[in-house]
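This is the structure I have questions about; it appears just below.
Naming follows writing order (A, B, C and D), and every chain is counted from residue 1.
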Amino acid sequence: MLTEGLVVVHECLGAADQRLRRLVLKGPIAKTAKAGQFVAVLVQDSSIPSYDPLLRRPISLAEISPDRDEITLLYRIQGRGTEILARARCGEQLSLMGPLGQGFSLPEVGELWLVAGGIGVFPLYALAQSALDQGLNVRLFWGGENQSFLISAGLPAWQALEIPLNLSTLDGTLGERGLVTEQLQGRLSELFGHTKQENTSSPQIRVATCGPKKMMQAVTELCVNYAVPVQVSLEERMGCAVGACLGCVCTLIDKAGTLSHKKVCQDGPVFRGEEVVWDGLC
Amino acid sequence: MLTEGLVVVHECLGAADQRLRRLVLKGPIAKTAKAGQFVAVLVQDSSIPSYDPLLRRPISLAEISPDRDEITLLYRIQGRGTEILARARCGEQLSLMGPLGQGFSLPEVGELWLVAGGIGVFPLYALAQSALDQGLNVRLFWGGENQSFLISAGLPAWQALEIPLNLSTLDGTLGERGLVTEQLQGRLSELFGHTKQENTSSPQIRVATCGPKKMMQAVTELCVNYAVPVQVSLEERMGCAVGACLGCVCTLIDKAGTLSHKKVCQDGPVFRGEEVVWDGLC
Amino acid sequence: MDCVDLTTVLAGITLRNPVVTCSGTYGFGEEYADYCPLEALGGITLKGITPLPRLGNSVPRLAETPAGLLNSVGLENPGLEDFLVSYLPKVRKMPTAVIANISGFSLEDYVQMARALQVDSGLAALEVNISCPNVKHGGMHFGTDPHSAEEVIAAVKAVTNLPTIAKLSPNVTDIVEMARAAQRGGADALSLINTLLGMRIDIEQQRPLLANTFGGLSGPAIRPVAVRMVWQVAEAVDLPIIGMGGITTWQDAVEFLLAGATAISIGTGNFVNPQAPLEIIQGIKGYCEKHGLTSVRNLVGLAHKG
Amino acid sequence: MDCVDLTTVLAGITLRNPVVTCSGTYGFGEEYADYCPLEALGGITLKGITPLPRLGNSVPRLAETPAGLLNSVGLENPGLEDFLVSYLPKVRKMPTAVIANISGFSLEDYVQMARALQVDSGLAALEVNISCPNVKHGGMHFGTDPHSAEEVIAAVKAVTNLPTIAKLSPNVTDIVEMARAAQRGGADALSLINTLLGMRIDIEQQRPLLANTFGGLSGPAIRPVAVRMVWQVAEAVDLPIIGMGGITTWQDAVEFLLAGATAISIGTGNFVNPQAPLEIIQGIKGYCEKHGLTSVRNLVGLAHKG
């Protein structure tokens, strides 16, 4: 769907030096969207069309409020596209394509562990909300640079969900010092012991992860070891965002060992972790 | 000189549908500039550099206030460049090159007739001010589409100068119906009779003109007929605006009949009308 | 009467209007269905296919450049067989003219595909891509050597009854020579232009940004080159042209028509605005009305007459 | 120690830094003096000259395109004789390396100019423009045919003791072949690239926007093509390269150095920001510091090694 989103909130998220922004858009997308999907935003300086940047920017849905017809996008200013996006003012309309992609699938019952690296936490918030609505137990593992980052990037909102949080920072200023995967590993081995197993009698756990590729790969390896199903949300540079240009492929491998390409925009961005070929070359 | 101009006034000039703007910039240019010179303005949406449009826009100085360090630019929104320029807000800095070009030369004594077509009147205002400061008699011939245009494009400011005005409009809604050249012709023949002459005893009149090419050509032909010196302010698409790219040439012919190219940006934009080859091909 | 006839005729096919979409940017015709109804379009061109399936190049495959896009998809496609089985049946039902695009690494490749694609397949025409710059061997050769170009077009013509469109590469010294070669080979029309070969370097990583080093440059940046090539070929060769390269607005489209294109095609522009084709059709219509033209066909090549 | 050696050596000339300005965009060296002190620059390249004076093409000569500029100046210049009398004496006093740029319509044209321009003229080098696309006869021929290119470079080399730089046109099928031809002719260095041939049509007037119909496309739009050509030539030919085409920021400049250019040249970028050369020199220095490089020469071609 090509639609306009009215900017109702556009504000700094947390400390200014984190360059994070919260953008709330009013429009029809909220009615049909689900967690893990994204929109392709035209980043342009107002009404005068420009080719600079040329392409739309994919941004995940961090919150979906069908009742208020609002979606929330959280993003970091990292380049030209987001820098221009950051200038949109309240009352302006942004051109959006979406909701795009397939999103996460929720288990019927059991526990959902979210594993986030850095701003990979953003799409997991919408997922946490749906999971809680559905009565699932949710736990967040989240690693970031330092305390300032975690607080800026939405920790208070996560705390408000009243779910267990396992936080790590690289410098130890909040939570444990180290990587989020270490906490995940700790928790997994607490539950399942130190060896690989297919113990179906232990709690029904599913993992959903988003963050740097290397981190998601490590998360997937851990999960595979413990036979825990894992969904990963991939990122790739996009052209069309609807599956038409083949710009955004990732490589999957099936049980028979056959490699295939899938489109992150249309078949993803969420995939089963076990199927992803992480080094990407084929 | 490459310098910044602080936007101190940026407002609609006259009726909105005329798409005219008045832009006052504070900066060092006012100290050295003279009437007929111009600046090359970088038209960009604020701080994020863009290549769209790529080139600066030449805009004439419509008012020069060295005491307040201010220059005034008047322009019509006609394309992408001016549309983007129109978005500059008070308090922003615009990148300017200038003052550029040679400007008008003022006679020591006598009468200066300004002949303007449409928004060609803009640079003539600064010229009128200098001429009046110098004690010259100034008269304006100005033709435009209709009353609304003339009033929007600065008629009140001209009236405030308390100089004789000969106005024409195409539809007769203000001044005489017809072309500005008809009024000029009328006035010239009143003074000098209907024949060509080199009557040096009649009042010392000089003409300066700016407007559409065809109009300036007609003005020049009239002036040549009556042996009245005429300065014309040419326009041409510019690349560098400093004489380095040869993008903006015009063709001149000297008394011996030799054709040469001059750069509108560096040698002009003001030239002696008699020397201009109007059809431009050589 | 301000009613404008938008239909146009190209290589014997009548198009509802002169607005087509480019190969490789419009998938197999279904991906943009939510954004732009197929029945509104003059036609669509399918993703390029090859005899065997191809996984294409590694990612990153895309990089933005000033007013442009580099891509190095590398002709990823399901291959001829799967195309015939899984895609062609849908093509028959599409409410617009569908052009297949074929790429190959040898004369035999092209012949094999052309033989399998005939009028009864439901296709409107065959676009022979002799210009894809992403494939290390093959593609470039046909696209830059006039003799090979002629040969491959002639071979295709010999085995298919579909109208044949030769899609030319801009990465040549003399586009007119290539167009003439395609004409000698029997091409019914020409598509101009494919992408310009370009690259970007990631200055932090100190290596090429695209996994494949080089990519094809498309988008508004290349429009002046595309318009020039359409103009040159229109002056020299008597074949209808589908003009493409950087079209995002109706003004761009009109520029190509005035330069001598009979139809125009939108590629990268779809990514920016998935409704660009619709807006462009409306814009062309409005332009014709404003200029008192009763048929869009009257626009074609008009700027040459001035 | 964070001191970076910016000097670079090109065709036997030592440049203060690798930042030069492009022929045709920097006049005869004085026009930008108020904006950019010559002594800060690695060098400047003068407007192209021909044996006889030329008035060039009619106006309009310039047209903007997305992230690009079309020009059809058509080699307007005062001619060799006036150049020697009126301009060369000033060149001697310029506090930077000055490169003359020569264009011709026959072998003899080039030879005549090369003969008149020797080391004792105060010039640092001679850039042989075999690529200007604006001249209806001559220019393109030398620039697109390897044999002629070799011949003209050899003829120039035979009569001048100045280092000779061959400036190549991008409007060719195979830039490497042209570079090799220039090398065989004895070129000491290569300038890459000149403008891409393009055009625009004024859709209201329904005629080409430039009086000359075609023009040369420069500016950021062509940068991906320029970087690609520098990369390809750097891989294949062992001559220093002056890289140019769309450089407006230091990041762009670094991209060319990493691709294999020994120096870079700024053309259209000066029009946007007349202090671009200064900012680019600073930016390159900062980049070297950040990456722990003691000499800018260490940057050259670095992206090939990855």
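Keep this in mind: a residue touches a chain if its C-beta (ideal position, glycine included) is under 8 Å from a C-beta of that chain, and two chains touch if they have at least 3 such contacts.
Please read these numbers as outputs of a predicted model, since none were measured by experiment.
Note on connectivity: the fewest steps through touching chains from chain A to chain D is 1. Looking at the partners of chain A and chain B together, the chains they share are C, D. Of all chains, the one whose CA centroid is most distant from that of chain B is A. A comparison of the B-D and B-C interfaces places the larger number of contacting C-beta pairs at B-D.
Measuring from the averaged C-alpha position of chain A to that of chain C gives a distance of 36 Å. Note: centroid distance chain B to chain C, computed from Cα atoms, is 47 Å. Taking each chain's centre as the average of its CA atoms, chain C and chain D sit 34 Å apart. The residues of chain B that reach two or more other chains are 51-52, listed in rising order.
Multi-chain contact residues of chain C (touching two or more other chains) are listed as 66-68, 219-221.
Contact topology of the protein chains: fully connected, every pair of chains touching.
Of all residues in chain D, only 66-67 touch chain A in the complex they form.
In the complex of the two chains, the chain D residues touching chain C come out as 65-68, 70, 144, 171-174, 196-201, 203, 205-208, 213-215, 217, 219-225, 227-228, 231, 246, 251, 254-255, 258-259, 287, 302-303, 306.
Contact residues on chain B toward chain A in their complex (touch as defined above): 45-46, 48, 50-52, 80, 83-84, 87. Chain C contributes residues 24-27, 31-32, 34-35, 47, 55-56, 58-64, 66-69, 71, 73, 76, 211, 219-221, 248-249, 268, 270-275 to its touches with chain A in the complex. Those residues of chain A that touch chain C in the shared complex are 1-2, 42, 49, 51-56, 95, 97, 236-251, 259-261, 266, 280-282.
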